[in-house]
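One structure coming up, written as C-alpha cells, with questions to follow.
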Amino acid sequence: MTHPISRYPIPALADLPDDLRARILEVQEKSGFVPNVFLAFSHRPDEFRAFFAYHDALMLKPSGLTKGEKEMIVVATSGANDCLYCVVAHGAILRIYEKNPLLADQVAVNYRKADITPRQKAMLDFAMKVCVDSAAVGDADYAALREHGFDDEDAWDIAAITALFGLSNRMANATSMRPNDEFYLLGRVPKSKP
Amino acid sequence: MTHPISRYPIPALADLPDDLRARILEVQEKSGFVPNVFLAFSHRPDEFRAFFAYHDALMLKPSGLTKGEKEMIVVATSGANDCLYCVVAHGAILRIYEKNPLLADQVAVNYRKADITPRQKAMLDFAMKVCVDSAAVGDADYAALREHGFDDEDAWDIAAITALFGLSNRMANATSMRPNDEFYLLGRVPKSKP
Amino acid sequence: MTHPISRYPIPALADLPDDLRARILEVQEKSGFVPNVFLAFSHRPDEFRAFFAYHDALMLKPSGLTKGEKEMIVVATSGANDCLYCVVAHGAILRIYEKNPLLADQVAVNYRKADITPRQKAMLDFAMKVCVDSAAVGDADYAALREHGFDDEDAWDIAAITALFGLSNRMANATSMRPNDEFYLLGRVPKSKP
Amino acid sequence: MTHPISRYPIPALADLPDDLRARILEVQEKSGFVPNVFLAFSHRPDEFRAFFAYHDALMLKPSGLTKGEKEMIVVATSGANDCLYCVVAHGAILRIYEKNPLLADQVAVNYRKADITPRQKAMLDFAMKVCVDSAAVGDADYAALREHGFDDEDAWDIAAITALFGLSNRMANATSMRPNDEFYLLGRVPKSKP
Amino acid sequence: MTHPISRYPIPALADLPDDLRARILEVQEKSGFVPNVFLAFSHRPDEFRAFFAYHDALMLKPSGLTKGEKEMIVVATSGANDCLYCVVAHGAILRIYEKNPLLADQVAVNYRKADITPRQKAMLDFAMKVCVDSAAVGDADYAALREHGFDDEDAWDIAAITALFGLSNRMANATSMRPNDEFYLLGRVPKSKP
Amino acid sequence: MTHPISRYPIPALADLPDDLRARILEVQEKSGFVPNVFLAFSHRPDEFRAFFAYHDALMLKPSGLTKGEKEMIVVATSGANDCLYCVVAHGAILRIYEKNPLLADQVAVNYRKADITPRQKAMLDFAMKVCVDSAAVGDADYAALREHGFDDEDAWDIAAITALFGLSNRMANATSMRPNDEFYLLGRVPKSKP
C-alpha cells in the first residue's frame, strides 16, 4: 500500500533540460538525496523553474525573518492545508535550521503550543490569517505585527511565503506528492561527533 | 475613500530593472494601460519575475483547456477567495476571450448558474475542490474529469492554475491591491464597427 | 448552455392578476425592461405581493440609511450568499444610485476593499454578522454601530434588509433565477450628454 | 436575568393601526395569549403586514405538504439558525399539529434522529441545503425530492418556507425576540377529557 | 417510524454484571424509569463503568460550579454537537436542578439568549470554545473566566464536563441513542402540592 | 520559551494515591519514562482512574481492530483536533505497533495519503465523520464499513476510540499538556541488533 512519488510520470534525469538536471544534482550533492518535489515538478520544466525561482526569491534572500522563522511559516501553512509532503519535508528543514528536534511537529500540529517566542507566535497568527481568510486581512493585522517589531517588508515576506506554500500544498495534494522517506528522521537525532 | 493601488510603495518606471520595465511597457502597449498587478509586484523584482514566469508557463502554453477556460478557473478561484483584484482584472480578460459580456460575473458569483457547458462545470468543480479542500482531492475527482474528456495533463493545468491564483489572491488581499478602473468595463460593451 | 429565467413556468402577462400586471408594467415603463424577479415571483401571486410589500417597506421608506447604502447591504448579502440574480440586479441599482460604476463589484467581492466610508464599512460588518452568524449578534454589535452614528432604528433597517435579501437569495438560488442581460451593463457607462 | 420581549419598544395595543390590532386580538382569542412575534413586529407596521402576508401565503394555503410538515421545516430551519424564538414557538405549533409531544425537540436538535418518515427526512434534507448552502442547490436535489413523490410546487414550498423563516430567524436573533413562556409547554401534555 | 433505543442490542437486566444491574436499579428507583443511556452503554460493561465513573467524578463532586451550572454546560455542549439524547435527557435534569421550566430549551438553542447571569454566560463561552475549537484555547480564555470569579479548578471542571459530554454526544449520535419519552416533559410542569 | 507539562500543578509521586502511583511506576518501568498524560491527569485522581479505565476498556481488549489500527484512529482524531500531546505521544505508539517509522506523520497530517489499506482508509473515514460531524452519522456510514468487513462491534470500537480521544484532545488542549520529549523520536530509528 505504498504510494508512489506522484500521480504523474517522473522523467529520467537524462531526459531533463540541463538547468533542471543541474539543480537536481546540486540538491542531491548537498542533501544526499533528491527531494521528491524536484522530481514531481520536473514533469513540467517551466513550472519547475518558476516555482523554484519564487522559492529562492523568498527563502534565500536576506530578510527580517530568520531562515528558521521562514520555515516555521511553511510548516504552519502546510499543517493548515493538510499537506503531507510539505509538513514532512519542511519539518525536516525547520528542525535542522533551528537545531531543535521537537519544533516541527509542534508547529505543524498547533503552533500555539510550540516552544516559540511571542514574536514568532504573532508572525504565525498573521500567516494563518493569510492562509485561511486572506480577504479579512487588514490594518489591525499589520498593527499587530508592528507591535512585535515586524515592519511592512516583513509582513510581505510572511504573506508571500504563506501564499507560495499554499500553492505548493495544493499541487502536492492534487498530485499526491510523496515525501522522501529520508525527511522523516532528518534533524531528529543529534549528530554524533567524531 | 478611494483605496490606493497597494499598501506598498510603487517604484517609478525609470527605477525598475530593464526586464520589468520592458514587460510593463509591453503590456501597456497591448492593453492601453498598466494593470496594477505589474506595479504592485514590481516592489519585489525577483518575485515579479517568478510570478509572471509561472503565469506564462500555465496561461500562455498550448493546453487541453482554451484560454477562456483557463480564465474561468482564475475567476472562479478568485471569487472563492474573495479577491477583488483578480475577480475584476481576470473577469475582464474572460469576457474578452469568450466574447461574452455576462460570463465573468456569472462565474465569479456562482459558476453553477453560469452559461457554461457541463464539461466546463466539471472543470470548475475540480478547481474548487483544489481551492478549498485540496487535501481531499483523490481518484474520484480525477475520474469525474475523465468522464468529461479531461486527461491527467488537463487536471494538472486546472490544479496549477487554481493554485497559482490562490497565491495571487492571497498577495492581492494582503497588500490591498486595487484593480485598475479600466478593467471594470472591459469586454462589456460590443465594439462598434467602422 | 444558456439558463432560462427560472426553473418554474412564467405566466403570460395577460394571465396575471391586475395588481401584478400593473406593477410589472410600471417597472417596465420605468426601467425599460422587466426584471426577471417580477416574472419569477409571478408564478405565486400571493408571495409576489408579500415579497414586494416587504421590499417597499424597507427600501422605499425614509431612513437613516441612504438608498445607495441600502443597496450596498443587498449586494454584500447577495455576495455572501453567492446569489447571481441579486448581485447582478442590485449591483446595477447600486451603481446607479451611487453614480459609481465600480462600487457594486467591490462590495459584492469584498466590501473591506471597497471605496466606502468607515461608517459604511461598519454598516456592512453588522449586516454580514446578521447574514452569516445571526445567533451571535449582541450588544457589542449594536455598540459598534452607535460609534458610527447609527441608532437602533438604523440597526433594524440593516438587519431587516439583510434578512429579506437572505430570503430573496435563497429563492433565487433554489429556482435558478436568471438576471436579465440588461443589468450587467447598467450604470457602468456614463450617459453621454446631448 | 430575564430577557425582555425585544430590544425594541413594543407599542401599546391602542396605538396600533386597526388591522394590526385586529390581527393581534384574533390570535389572542384563538391562542389565549399574544405570541411575541406579533408584538415585536408591530414596532414596524408595514413590515408586520408584509411578514404575515408572506407567512399566510405559505403556511395557510393548500399544498402538497401537510401543515405539520410545514412546521417541521420551520423548526429544522430555526434549529440550524440557532433561533430561540422560532424553535420554541413553532415547536409548540408542530407538537399541536402532529399531536406528538416529542417531535419538535427531535426536529430542532437533529431531524435525522426524529420519528419521521423517509419522505419527511428527504423534505428536510432539501430544506437544510436551501438553509445553509443554497448556492449549491441543483438538479440532483430536485431529483431526490421527486423520488419521494414531491413535485416542483412542493419544492418551491419547502424552499420558500425555509427562506421566510431564515428571515424570521435573523430578525428574532438580531432583536433578541423572546418566546412567550406559554409556548414551552404547549402540546406537551395530553389534554384531559371532561 | 419510531426509532429504537440504540442501533445496538440491549442486554436483559438479568444478564448484566451485578454492579451494572445495581446501578440501573438504583437510578430506576430514584427516577422512576431507566434512562436509555444506561441501557445503551450496558452493551459494553467496561465502558459503562468507565463512563459513569468519569461522570460521577465530575458531576457529583463538590465544585465551584453548582449542579445546575454543570448541567448548563452539558446542555450547551450537546446543542452544539446536535445530540438529541443529551439535549433531551440533560435538559430535563437542568430544568429540575434550576427549578426553571424554560432554561434548558434556551441553553440548548442559543445560550446567549438564555435567562442566565453574565458569569454563567462566560462559563458557557469557555465551554463552547473547548467544544468547537479547543486548539485555540489559551491564556485570554482563562483570564476571561477569572474576571467572573472562576478559578483554575473551575476552568478544569468546565473543560472536562464539555469534553466528557462531547464523548457522550458522539457515542449517542453514532449509536442513535434514543432519549426516553419521559425526559421530554420532566421539570416542565410545576408539581401540584398536596 | 519552553512550555511546562501542564497549566495545572503536578503532584509529587509520593503524594499520590497508591493505585495512581502504582500505575505510573508500571508505565515508567515499561516505557523508561512517565508519559505526561499520567502526570497531568494525576491532578484529579478520580478522573485519572476513569480516563484510564475507559482507555483500557477500548485499547487493551481483543477486537476486530488491531492495536495498530486503534492507534491510527487516535492519531487521525488528534490531528483533526490539532492536539499536540496526542499526535506526538500516540504517533510514537503507532510507529512502534506498526513497526513503521513513517505512518504516524502520514496519518496525522492526511490519512488519505498514508501507506494504509483501503479497509483502514474506510475505518478512518468513519472515525473522521464521528469526530467532526457525528450528528450526520447514519446507515450509509455503517454500510460503508461493512463493505470492508467491519461489523457493528468494530463500528462501536471506532466510534468509541474517536470519542474518547476527542475528550483527551480537548483536555490536553485546554490544559496545554506537553508531550514528553522522548516521544518525538520513539519508533523512528530501527533498533540495532546485537
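The chains carry the letters A, B, C, D, E and F, assigned in the order they are written, with residues numbered from 1 in each.
The rule is short, and it goes like this: a contact is a pair of C-beta atoms (placed from the backbone, for glycine too) under 8 Å apart; a residue touches a chain by one contact, two chains touch by 3 or more.
Computed from a prediction, not measured in an experiment: that's the story for all the values here.
Of all residue numbers that take part in the contact between chain D and chain E, over half occur on both sides, making this a same-residue interface. A straight line joining the Cα centres of chain A and chain D is 51 Å long.
The distance from the centre of chain A to the centre of chain E, each centre being the mean of the chain's C-alpha atoms, comes to 44 Å.
A straight line joining the Cα centres of chain A and chain B is 24 Å long.
Contact of a single residue of chain C with at least two other chains is seen at positions 82-83, 110, 135, 173.
Chain-to-chain contact here is organised irregularly, matching neither a line nor a ring nor a star, and falling short of all pairs touching. Chain pairs that touch one another: A-B, A-C, A-E, A-F, B-C, B-D, B-F, C-D, C-E, D-E, D-F, E-F. Listing the residues of chain C that touch chain B in their complex gives 1-3, 79, 82-84, 87-88, 101-102, 105-106, 108-110, 113-117, 173, 176, 178, 181, 184-185, 188-189. Those residues of chain E that touch chain A in the complex are listed here as 135-136, 138. Contacts from chain D toward chain C in the complex involve residues 7-8, 43-44, 46-47, 49-51, 53-54, 56-58, 61, 81-83, 130-131, 134-135, 137, 142, 152, 155-156, 159-160, 162-164, 166-171, 173-175. The touching residues of chain C, counted against chain A in their complex, run 110, 112.
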